[in-house]
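First chain A sits with chain B, and in the next complex the same chain sits with chain C.
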Partner chain A sequence: MPKIVLLATDVALLVLLAGLAAYVWHVRRTPGLRATWRSVLRDAPAMSALVLLSVCLLIALLDSLHFRPLLPQAAGAANDAAAAYSTRSYSVLDQLLKRQLEGTEKTYSAPLAYRQFTKDSIEIDGRAARDYPRLVHGGAHLTDPERQWLADLVLRSAAGLAGGLLAGLSMALAVVALRARMLREDFSAAWRAVWRRETEVQWRAILFTAILLLGAFGWIAALWSVYHVLGTDRTGNDVLFQAIKSLRTAVVIGSLATLATLPFAIVFGILAGYFKGWVDDLIQYLYTVLSSIPSVLLIAACVLIIQVTIDKYPNLYETGLERADLRLLLLCVVLGVTGWATLCRLLRAETLKLTELDYVQAARAFGVSDLGIMQRHVLPNVMHVVLIVAVLDFSSLVLYEAVLSYVGVGVDPTTPSYGSMFNLARTEMSRDPTVWWNLVAAFGFMLTLVLSANLFAGAVREAFDPRARAFRPRRDQRQPGGARRHGSRETAIAPAGGAP
Partner chain B sequence: MLSYILRRALYGVLILIGVNLFTFVLFFTVNTPDDMARLNIGGKRVTQEAIEKWKVERGYDKPLLYNARDDGLRALSNTIFFERSVQLFALRFGASDSGRDIGYEIRQRIGPSLAVALPTFALGVMATVCAALLMVFFRATYLDFWGVTLAVVMMSISSLFYIIVGQWTFSTLLRLVPISGFAGGWDLFKFLALPVVIGVVARLGYDALLYRTMFLEESGKDYVRTARAKGLSEQAVLFRHVLRNAALPILTSTVAVLPLLFLGSLIMESFFGIPGLGSYTIDAINAQDFAVVRAMVFLGSALYIVGLVLTDISYTVADPRIRLA
Partner chain C sequence: MLAIENLDTVLDTDHGVVRAVEAMTLTIAQGETFALVGESGCGKSVTALSILRLLPDNGRVDAGAIRLDDVDLVQLPEARMRDVRGRRIGIIFQEPATSLNPVMKVGDQIYEVIVRHTPLRGAAARAKVIEWLVRVGIPEPQRRCDDFPFQMSGGQKQRIMIAIALAAEPDLVIADEPTTALDVTIQKQILELLRDLQAERRMALLLITHDLGIVAQMAHRVALMYAGQIVEVAPTPEFFARPLHPYARLLFGALPEAAKRGRPLAAIAGTVPPLDRVFTGCRLEERCPRAMAACRSTLPELRGVHADHQVRCLLFQAPFAAGAAAGGSPLSAADPEPKPMARGAPRAAEPASESPLLLVRDYRVHFPIRKGLLKRTVGYVKAVDGVSFAIPAGRTLALVGESGCGKTTIGKAMLQLLRTSARIDGTATLEGRRLDELRGAGLRLARRRMQIIFQDPFASLDPRMRVAEILEEGVASLRPEIAAASRQRHVAELLDKVGLRREALARYPHEFSGGQRQRLAIARALAVEPRLLVCDEPTSALDVSVQAQILNLLAELQRELGIAYLFITHNFAVVEYLADEIAVMRAGRIVEAGAAAKILSAPAEGYTRELLAAVPRLKRAA
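This part shows the complex of A and B:
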C-alpha cells in the first residue's frame, strides 16, 4: 500500500474543484443563473474551449494525486520490519506515463529521432569514433533505422490517428444516441438537430473538438510509446512529458492566485461601498498604495522574502517536492495579496450603485442588520462582476507566470513550468543547428490553455455583462433558433442571483 | 483647479509615505538584516561574525527605529529607518548592497530606458488606434470577425515567445539587426528597431480589443445616430465624431502610464541587453540586492502617483465638461 502524500497545492486544487462542483449544483437550482449560463453553453467557441479546459483540468488533477510507493523489502530485513517508502513522490500521472518519466536519454534529441542530436564518442566495430549515437529509448525497436524509420512512423501515425478518430466518432454517436433516447426522438432527428446547431447546448462544437482531440491523443499515444514525440531536452528528459507536467503549474497558478484575491477584494470592496465615509477612505488608500508599487517589483520583493523564510524553517517540508510545492503555494498567495486592487475597485463601484437601490433602502428600513444586507442583498448581486474578473484573470496569470519565472521570482527551478521552458529555449534558439522543440512545445501548450481560457472568458463576460454583448463581431446571424436566443437574453439582463 | 491639484498632490505624498512604511516593514522587520546577510553571503554555515561584518560594511548594524546610544535628534536620525527610508523622499537612494551609488546608476540608465520605452509607447498607441478604427469601420463584416479572432490569438501568446522568435528570425536567421546591445549615434536605430517592433506587436492584440470596445461604445451613442441621420458619411462620423470623443479615455489612460515609461521594460531590456533601469532591476533581483529593489519600488510608486495627478489634470484640459472643484 503506497503512502499517500498530500501536498498543499493538491489540497487547494481539490478544494477548488469541490467548490466548482458546488457552484454548478447551485447554478442548476437557481433559475436566473441557469438562464445566463445557458447562453454560454450555446456559444460554439466557448464550448470547444470548455472541452480543452476540462482536459487540462483533468491532467492537472491526475498530476495532483501524489503518493510515495512502497519499496520492496530488503533481502536481509526482518519480516516485521517497518515498511520503507520511496523518498520520491510520484503522481498518478507519473505512474500512467512511467515510460516517459523514466525513459530519459543522455542529452538533446530531435522530435521522433532515433539518434542523438549531438555527436559523442562511441564504439563502431571495436574502434572508437565520433558519431551520433543511437538513443536508448527513442526508436530503440528499429533494427535497421535508416530504412525502417519512415515506414514505421507512417504506419504508427495512421494506426494511432485512425484509432483515435474512430474512438471519437463512436463517442459522438453514443452521445447523440443517448440524447435521442432521453428526448424520445429517433436517432436521425437527434443527429440532424446536433448537426444544424439546433440544440440547447452546442453539441456540434463539443463533439467536433472531442473527435479532433481524441484523434490527436491516438496519434501521440501510438508514437509516444517508442519515440520522443517532441524530442528531449538538455538533460535528456522527454519534452512532451515536461510540457504536460507544466500544465499543472499553470492551472494551479491561474486558479489559486485568482482565488486568493477574492477574499480581500470582496470583503474590502463591499465594506468600502457599503459604509462609505472613513472606511471607504481607508480602503481606497490601501489599494492605491498597493497598486502604486510596480507589480513585478512587489512580487519580487515578496518572493525574495519567502525564499528567506523557507530557508530559515527547513522543517516545514520533508522532501524537495514539498519545498517546491510550498513555494508554489506561497507564490499564489503573494499574487493574490498583491493583486486584489482592480477587483476591489470594481466591487466598490458596484456596491455604491446597489446601496442606492430601493430594495436595499427597504431592507434598511425594515431593520435588517448591516451584515445581513451585505450578505443577502449586496453580495449575490455583485457576484457576476467577481465571476467575470476571475475568469479573465486566469489567462493573464498563466501568461504572467512565464514572465515571473524569467525574472527569477517565479516557481521553484525544479517545478516544471512554461516559464522555465521559455527560459531554456532562449539559449537553445541561439545554438546552431537550432534546438526549437522546447520552445514549440511550451508555445503550443500555453497557447492552447490561454486561448481556450480567453474564449471561455469572453463568452462568460458576454453572458453576465449585458453591455459586452454589443461588441461581438456579428457573423453568425443566420443562427437558427433566433427567437429562443432573444428570449434568454431578456432573462440574462436581470441581475444574477435571486435577491431583489 | 489649483487647490484641487494641490490636494491630489498631498494625497500622493500620503500614499508615498504608506509605500515607504510598507516596504520598510517588508524589508526590515518581516525579514531582518541578519536574514539578508545570510542570503547574500550564501552557503550553509554562516558565522555570526561574517553576518556582523556584512552588516557593518553596509550600514545595516544600526537599530531600526531608535538609537539609544545617541542623544537629541541623532537618536532618531542615526537609525536604519531614517537612513534607508526617510532619505528616499529627498531622492537620496544611498549605496546598493554591492557598494555602488544607486542614484548615479539611475541617472545613467534612465536614458537608454526611455530610448526604448518612448518609441514603443508612441508607435504602440498609433498602431493600436489604427487597428481598432479599422475593425470598427468594417464592423459586422468578415474583416471585423477575423480581426477580433486574430487579436484574441495574439493576446494569448506569451510576450517571451514574441521576443525569442523575433530575435531568432531577424537576428539569427536574416541577420538584419544585431541580436542585442546598445550604442549611441546612428547605430541606436539598428539596436532599437527590433525591441520597439516586438514591444508594439506584443501588446497589439489586447489593446486593439480594448480600444475597439471603446470606439463601439461611443458609436452606439445618440449623437452618432444624429450624425448619421443628417447624412454624414461613415468616414466623417467615425473620424470627426467617434474618434474625437473616444480619444478622451485613451488620452487619459496614456497619460497615466507616461511617467512609468521611465522605469523601462524589465523583459525587453534584459533580452536585448539594453543598459536601462529594467535590466538594472532584474540584475538586482537576481543578485538579491534589497537596497536596489527598495529604491526602485519607491521610484516606481512615485512615478505612478505623478501619473495619477497628470491624469486628473489632463481630464480637465481635454474635456470641457469636467470641472474639478
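This part shows the complex of A and C:
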C-alpha cells in the first residue's frame, strides 16, 4: 500500500476544483447567472478553448495526486519491520507515463531520433570510435534503423492518427446520440442541429476540437512508446514529458496566485469605494506606492527571503518535492500580495458608482449597517468584475511565472516549468547545430494554454461586462420566422387600400 | 415627401427576434409636422432609426419601403445613404449632453456638417455657422462658437444640436424626444424654436414624443403607436376631439389632470404584449374594455374611417362595426366615468391646533467644495438654502421646480442620508422629534416613520436580491423584534396591498416591468409602516398608463393608511391631480407655497406663472 502524499499545492488545487464545482452548481440554480453563462457557451472559440483548458486541468489534476510507493522489503529484515517508502514522490501522471519518466537517454537527442545528437566514444566492431551512438530507448526496437525508420514512423503515425480520429468520431457520435435521446429527437435532426450550430451550447466547436485533440493523442501515443516525440534535453529527459509536467506548475501559478490577489483587492477596493474620505486616501496611497515599485524587484526580494528561510530548516520536509512545492505555494502568495492593485482600483471605482445608486440609498434609509450593505448590496454587484479580472489574470500570471523563472527567481530548479525550460533553451540556442526542440515544446504548450485562457476570458468578459456585450446574430431563427410573418402580414395588409 | 410603406423592422435580441415595427405606413408632406406618439417600447425610435438606416447591429428592415421623393432609402447603397443623412434628413436626439462631441468646439461641429453637405468653404462656411447660431438663439455667437459643449447649458446644447441638424438645410427633420431631458421652461423655448424654423424653411418635421401635450401644441397630424403598430392616424384637432381607437381613449383617461382630482385615474389594466411572438388578433385585446370575440382571432387593419382619419380596430371594420353599433355607436360610447373616491382626510382645512407631521424650519444643505492635498473646504455649493415647510398627517405636499433646484436634496436630507457628505443647518422635526439630533436607536425609530421612493425603478432595487429579501431587509433592520415567520407573512400582505401576486416573492427584480418595480419599491417602503413617504419623482420614468396605476395606488394608500407624502416632481399634471399643497422651488429656496388650488389658479410670483405657462397642455373637447 503506497503512502499518499498531500502537498500544499495539491490541497489548494483540489479545494479550488471543489470550489469550481460548487460555483457550477450555484450557476445552475441561479437563473440570471445561468443565462449569462449560456452566452459564454454560445461562443465557438471559447468552447474550443474550454475543451483545451479542461484537458490541461485534467492533466494538472492527475499530476497533483502524489504518493510514495512502498519499497520491497530488504532481504533479511524482520517480518514486522516498519514498511519503508521510497524517498521520491510520484504522481498518478508519473505512474501513467512511467516509461517516459524512466526512459532517459544520456544527453540531447532530436525529436523522433534513434541516434544521439552529439558524438560519443563508442565501440564499433571492437574498435573505439567517435560517432553518434544509438539511443537507449528511442527507436531501440529497430534492427536496421537506416532503412526501417521512415516506414516505421509513417506506419505508426497513420495507425495512431487513424485510431485517435476514430475514437474522436465515435465519441462525437455518442454525444450527438445522447443529445438526441435527451431531447427526444431523431438522430439525423440532432446531427443537423449540431452541424448548423443551432444548439444552445456550441457542440460543433466542442466536438471538432475533441476529435482533433484525440487524433493528436492517438498519434503521440503511437510514437511515444518507442520514440522521444519531442526529443530529450541535456540530461536525457524526455522533453514532451517535461512539457506536460510543467502544465501543473502553470495551472497552479495561474489559479492560486489569482486567488491570492482576491482577498486584498476585494476588501480594500470595497472599503475604499464605500467609505471614501481618509480610508480611500490611505488605500489609494498604499496601492499607488505598491504599483510604483518594479514588481520583478519586489518579487525577487520576497522569493530570496523565502528561499533562505526554506533552506534554513531542511528537516521540515520529508522529500525534496515537498520543499520545492512549498516554494511554489509561497511564490503564488507573493504574486498575490504584490499584484492586487489593478483589481483593487477597478473595484474601488465600481463601488463608488454603486454606493450612489438608489438601492444602496434605500438600504441606508432602512438603517442597514455598513457591513450589511457592503455584504449584501455591494459585493454581489461587483462579483462580475472580480470574475472577469480573475479569468484575465490567469493567463498573465502564467506568463509572469515564465519571466520570473527565466530570471531565476521563480520556482525551485527541480520543479518543471516553462520558465526553466526557456532558461535552459538560452544556452541551447547558441549551439551549432541548434537544439531547438526544448524551446519549441515550451513555447507551443504555453501558447496553447495561455491562448485558450485568453479566448475563454474574452467570452466571459463579453458575457459579464454589460458595456462589452457585442451582438451575436442568431442565424437559426431568421429565415423560417421571417417567411411565416410575411405571409400573415400580406393577407392583413392587402385589403387596406384606403391608405393615403 | 416621405412615404413609408409597410415597413417591418426586426431586432435580434437575446430573447429572440422582436418585431419592433410592423406594417408601418405613413406619409409626411413638405412643411408638415407629423407626430409619432406612443408609450416606451412601441417602436417610435426604431422607426426613426429605420428611416436613417442607423439601426443597431442587431436590427434590420425586413420588408417594406421608405421613399424620400421616390428614392427608396432601404435599397440605397451605404455610400449614397451618407449623403441623405444630414443633407436630406436631419435628426435631433433626446439627450443633448451625449449627442455633442465633448472635445470639439460647438462651432466646429456645425462647420463640419456645412462642409460635408454644402459647397460652402472657409470663411463663407464660418459665416454660415455664425448665422445658424444667431438663428437658434445663442447670444454672442461670435464668441460662443468657440465654446465647448460643457460650457453651455442643457437648453443651449439642444439649440446647437438643432443647428447641426438643420445646417445642411434638410427637407425632413426627425426630432426624437427633443425636449424630454429638458425643463419645462426650456422645453417651451425649444419647441417654439422648432416651430419657427419649420415654418420658415418649409421643412417636414417628424416629431417623436410620448407627451400628448407637446403633440397638441406642435403637430398637424398624429399617429398613435401601440406595440409596434400604428393604431390611429388623424389630424391633430380631430385626434384630440374625437379619438376613435380604444387605446387612444384609454390613454386620455389615464392622463392626470386637475379636473380628475379626487377620482381614481382610469388606469389601463395589464401590460403591453411582448413583440417576439406572432399575433393572431388585436394586440390590445387583453387590455381593451371593448374587446369582442372576433378581436382574438382577427388581425385588425389600418382603415380609413373618414377623410384623413384611420384606425386599426375591428370596431370600425365592416362586418364587426355593425355588431358593435347594435350595442351603442362606437363613436359615442363613452368610457364609464370612474366613481369619485372618498378621501380619508377631509379636503377642508385641518384643525389649526394639530401640529404637523413634519415641520421644517430654515433648512440649509451645503455641500463643501474640497480642494488641495489636505482636502480643505474652500467653499460651499448651497443646494438648499433656507427652506421652511410643514406637512400635516395624511396630506400631500408637492415640491415642484426645475432640475437642480434642490428638491431631491431636501428629500434625501430629510431621510438623513446626507449627514456625512454635507453641512446641514436648520431644523427638521418629525412628530416632535428633531431629526438631526437623533442617533442610533432613536434614528432607527425615526426611519421607521419615514421612507423614500426613488425615481428610477430600475436602479432602486438590488438586481442580485430576490423580491422577498428586498422587502424583508428593511423590516429586519428597523423592526428586529418581528420574528422571521411573521415577517414573511407581513411581506406577503404587502404584496397584496400594492397589487402584486405572491409568486413575485421568489423572483428577481429584472423579471418585472417598470411599473411593477415601482410597486415593489412602494411595498419596500411600506414594509416598515411609515407615516411620511418621500416620493422622489416616482412616476417620471414610467409611461402614462403605468403612471396612472402608480398614482392610483399612492392615492389609495393615503386614503387607507393616512400616509403623508412629500411629493418631489417637475410634472405639473401630476401635481394638479394629486397635491394638497404646493411649494415651488428655485435655486435652493421656496419661491411660493400654499394650497394647491390657489397656486395653480392664481399664482402670485412671476416664476410660478412662467412655469405654469410653459407646461404643454391638451385643449381637448371634454
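The definition used in the following text is that the second predicted complex is superposed on the first by the 466 of 500 C-alpha atoms of A that agree within 3 Å, B and C clash if a C-alpha of one lies under 4 Å from a C-alpha of the other, contacts with A are read in each partner's own complex, and residues count from 1 in each chain.
Heads up, the rule we're going with is that a contact is a pair of C-beta atoms (placed from the backbone, for glycine too) under 8 Å apart; a residue touches a chain by one contact, two chains touch by 3 or more.
The structure presented is a predicted model; accordingly, all values stated were derived computationally and were not measured.
Visitor: Is A:T288 touching anything from chain B or chain C once the two structures are fitted on A? First, second, both or neither.
Guide: The answer is first: A:T288 touches chain B but not chain C.
Visitor: Of the partners chain B and chain C, which touch A:N381 in the superposed model: first, second, both, neither?
Guide: Touch partner of A:N381: chain C, not chain B.
Visitor: Please indicate which partner A:L58 is in contact with in the superposed arrangement: first for chain B, second for chain C, both, or neither.
Guide: Neither: A:L58 stays clear of chain B and chain C.
Visitor: Taking the superposition as given, does A:A174 touch the first partner, chain B, the second, chain C, both, or neither?
Guide: Neither: A:A174 stays clear of chain B and chain C.
Visitor: Considering only touches as defined above, state whether A:A21 meets chain B (first), chain C (second), both or neither.
Guide: Neither partner.
Visitor: Which partner chains sit in contact with A:L71 here, chain B, chain C, both or neither? Use first/second/both/neither.
Guide: neither
Visitor: Kindly classify A:V136 by the partners it touches after superposition: chain B alone (first), chain C alone (second), both, or neither?
Guide: In the superposition, A:V136 contacts neither chain B nor chain C.
Visitor: Counting contacts the way the document defines them, which residues of chain A are shared by the two interfaces, the one with chain B and the one with chain C?
Guide: Common to the two interfaces on chain A: residues 470-471, 473-474.
Visitor: Quick one: in the complex, what on chain A touches chain C?
Guide: 31-32, 35, 39, 357-359, 361-369, 372, 376-377, 380-381, 470-471, 473-474, 477-478, 481-482, 484-486, 488-489, 491-493, 495-496, 498-500
Visitor: Can you tell me which positions in chain C touch chain A when the two form their complex?
Guide: Within the complex, chain C touches chain A at residues 6, 8, 10, 12, 14, 16-17, 19, 22-23, 25, 27, 56-58, 62-63, 278, 299, 301-304, 308, 310, 412, 415, 417, 443-444, 447, 451-452, 454-456, 459-465, 473-474, 477-478, 508, 510, 521, 524, 528.
Visitor: Over in the complex, which chain A residues touch chain B? Could you list them?
Guide: Touch residues, chain A against chain B: 285, 288-289, 291-294, 296-298, 300-302, 304-305, 307-309, 311-312, 395, 399, 402-403, 406-409, 418-419, 422, 425-426, 429-430, 434, 439, 442-443, 446-447, 450-451, 454-455, 458, 467, 470-471, 473-475.
Visitor: What residues on chain B touch chain A, complex-wise?
Guide: 14-15, 18-19, 22-23, 26-27, 30-31, 35-36, 38-39, 135, 139-140, 142, 144-145, 147-148, 152-153, 155-161, 164-165, 167-168, 172, 179, 212-213, 216-217, 220, 260, 263, 266-267, 271, 281-282, 285-286, 288, 290, 293-294, 296-297, 300-301, 304-305, 308
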